[in-house]
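We call the chains A, B and C, going by the order they appear; numbering starts again at 1 in every chain.
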């Protein structure tokens, strides 16, 4: 029983990070129909900025995360306007190749500047150790992670449901032409949601440095997981990736813990099964 | 008269949106049948249901007596159903001749041949060329379709449908937006279609409809309003009400 | 029918042109003139075959896949395991590799080809990752992480021993590539091949002319898998080793890059792209592996932005700019 709670807990933390990083990708792909395989680079950048600010410049954890989030969001705007915008109408293969090319370049640059080894993360003293949640003790950092991620998720969901921006976003994802004819500036919408998604990814990268190690291979290695969460969740959906992240994150953790020999298989088999059952994703539109 | 195409209670809905209501429709052998109705009435949806591009939510479709409701498009084509698309569905990068030749090869059962070159069945290509000559576009046979003006592209669309030698031909607004030169060609070709072929044409041009059709079905909001001879339709008050204020081209 | 008639033109477009023999002239010349580089030459030809297999599904049929390594790897392991446990005879080894890959191809294709877009892409990735994990686990059969060692190959046709200089390997690969090329060329210029192009260009229209689209795609996918399997088997036989990298995502990505570099849907794009990439990698990657990645990334970005048709696309454009010789 104790083991199960641990698994659920760890899996939940993992799932939350996956979700924070992947939700932006879901929106980008659903909204702009753009296969962005470079999304992991934003998470990676967030991780590197956070860690470097903390380690080399003694910036506090919270401040470092904030700078990473905003910095990456701004950077993504530049990237979107200058490069991505050119390829919105292009075919899938072109988008795949282009964004893979960006990943290669980013990975090479990162490797040159920071070296091939994973970055050490010093969890702030306040968040290290164990915390007693009444019935059991859990690692404080993971608890903090889950709490913050849930809070961000809730804020995101409320924002999408209640704000005008959210309404416009939902309309544009649903039917871009119709939204445009209603006067919604989809170009601006793209850029803003791209920035939002990238910022969240950066946060996820920084927060999750403990779970997804910050090394140059980050953008390529974990790309499959982000894509999985989005594909299984459903492109353009905000809730879908949440469920997918839970399924995949907790499932993967459980399998690796309980059935180590088959652990690696689970996540791929699960994805294949889920995608064949629902090709458009759990919450996607056919 | 034999019924070559029939729908029984055909219906289609997307969630809460019903685009086809309980449509009973009959197309006779050798028919010259027009389908008219205001924009958004569901005419193209109906054709998509007939051709198999859309699966119905309810109802049945019978082609030459066989129930084809569950059959994919390709199977219906093999059984003699051909169609044109309202928006051209062409191989833009390929030469005009090859666009049509792909269809003639497929119709001849040669489309899946892996080991003999396309020259082994020269007759299918010549057949395709013959159709280009019929439609007056033989001189642009080797030009890629994307280089052609819209009117000529529309002719290619028609040529492909004819290449299948269908016994039932569905034409979705074949002459819409087409300049007068090509328009005349299209109308001539339609007029000269073999008597044995049953033709269903969706059109907005009332002159064309009344000149061509022997029977007219009026579709409004996914349901059949009325069906009859051109004279009956012209005299029907409901039809005039539906078209009130609507200028025809 | 006059020679210039459109019907004749359409048919003649598929005739063998003299320049198509250039790769074989180069291949034969390479044997005599570049005797120090024969092992590299063999590897280039293996990659060309691999790229050809990808061209069939990606270039011609338009199926965007990042999972071609699955077939390459299955072929490689099948040939290796066959050599270790059954027989070191090379040609039957190739057939075993082809068959194993074809089986994986037809089974996975039947399941995933009804999807498209991102879903299909993900499924191809998942299948490759699954196979990689399986190969990693089945240590007894595959050698796991260390790879399959001791793959001894008998002389080709019982006569030509695999020598240290790679001479036999080179001619062996050249011969296999030649036959594969004949086969692919035939396929691509047949009605089947043209229908693949039709499916790529406008699948809706193909359905509407009665093409059994799924069947055609599955056939192309399976044939492509078999060819990739042969390429993998060749790798095993010429290097006498199989490692996990044959099933890696990098392997899939690399071959896509090679093909796009040369130009998709052109057969010869596979030749040009693989040759350029492998030679460049041989010369440059040793010097600075990190920046090799950077330049490849930049190359991809530039190709997509400015040269979508790859090298062949560029030569096409140059050709159009030259004055006509009529």
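Here is the rule we use: a residue touches a chain if its C-beta (ideal position, glycine included) is under 8 Å from a C-beta of that chain, and two chains touch if they have at least 3 such contacts.
Please read these numbers as outputs of a predicted model, since none were measured by experiment.
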Central chain (distance from its CA mean to the mean of all protein CA atoms): C
Most distant chain from subunit C by Cα centroid: B
Centre distance in Å when subunit A and subunit B are each reduced to the mean of their C-alpha atoms: 48
Length of the line joining the C-alpha centres of subunit B and subunit C, rounded to whole Å: 41
Whole-Å gap between the CA centroids of subunit A and subunit C: 34
Per-residue overlap in subunit B, given as positions that touch at least 2 other chains: none
Subunit B to subunit C touching residues, read off their complex: 51-53, 72-74, 77-78, 83, 85, 89-95, 97-98, 101-103, 105-107, 110-119, 121-122, 125-126, 129, 132, 138, 141-142, 160, 163-164
Subunit A to subunit C touching residues, read off their complex: 29, 35, 83, 86-87, 90, 92-94, 96-98, 100-109, 111-112, 220, 224, 227-228, 230-231, 235, 261, 264-265, 268-269, 271-272, 275-276, 279-281
Subunit C - residues contacting subunit B, complex: 5-7, 9-11, 14, 186-187, 189-195, 197-198, 201-202, 204-213, 215-216, 219
Of subunit C, residues touching subunit A in the complex: 58, 64, 66, 111-112, 114-115, 117-119, 121-123, 125-127, 129-130, 133-134, 136-137, 249, 253, 256-257, 260, 264, 290-291, 293-294, 296-301, 303-305, 308
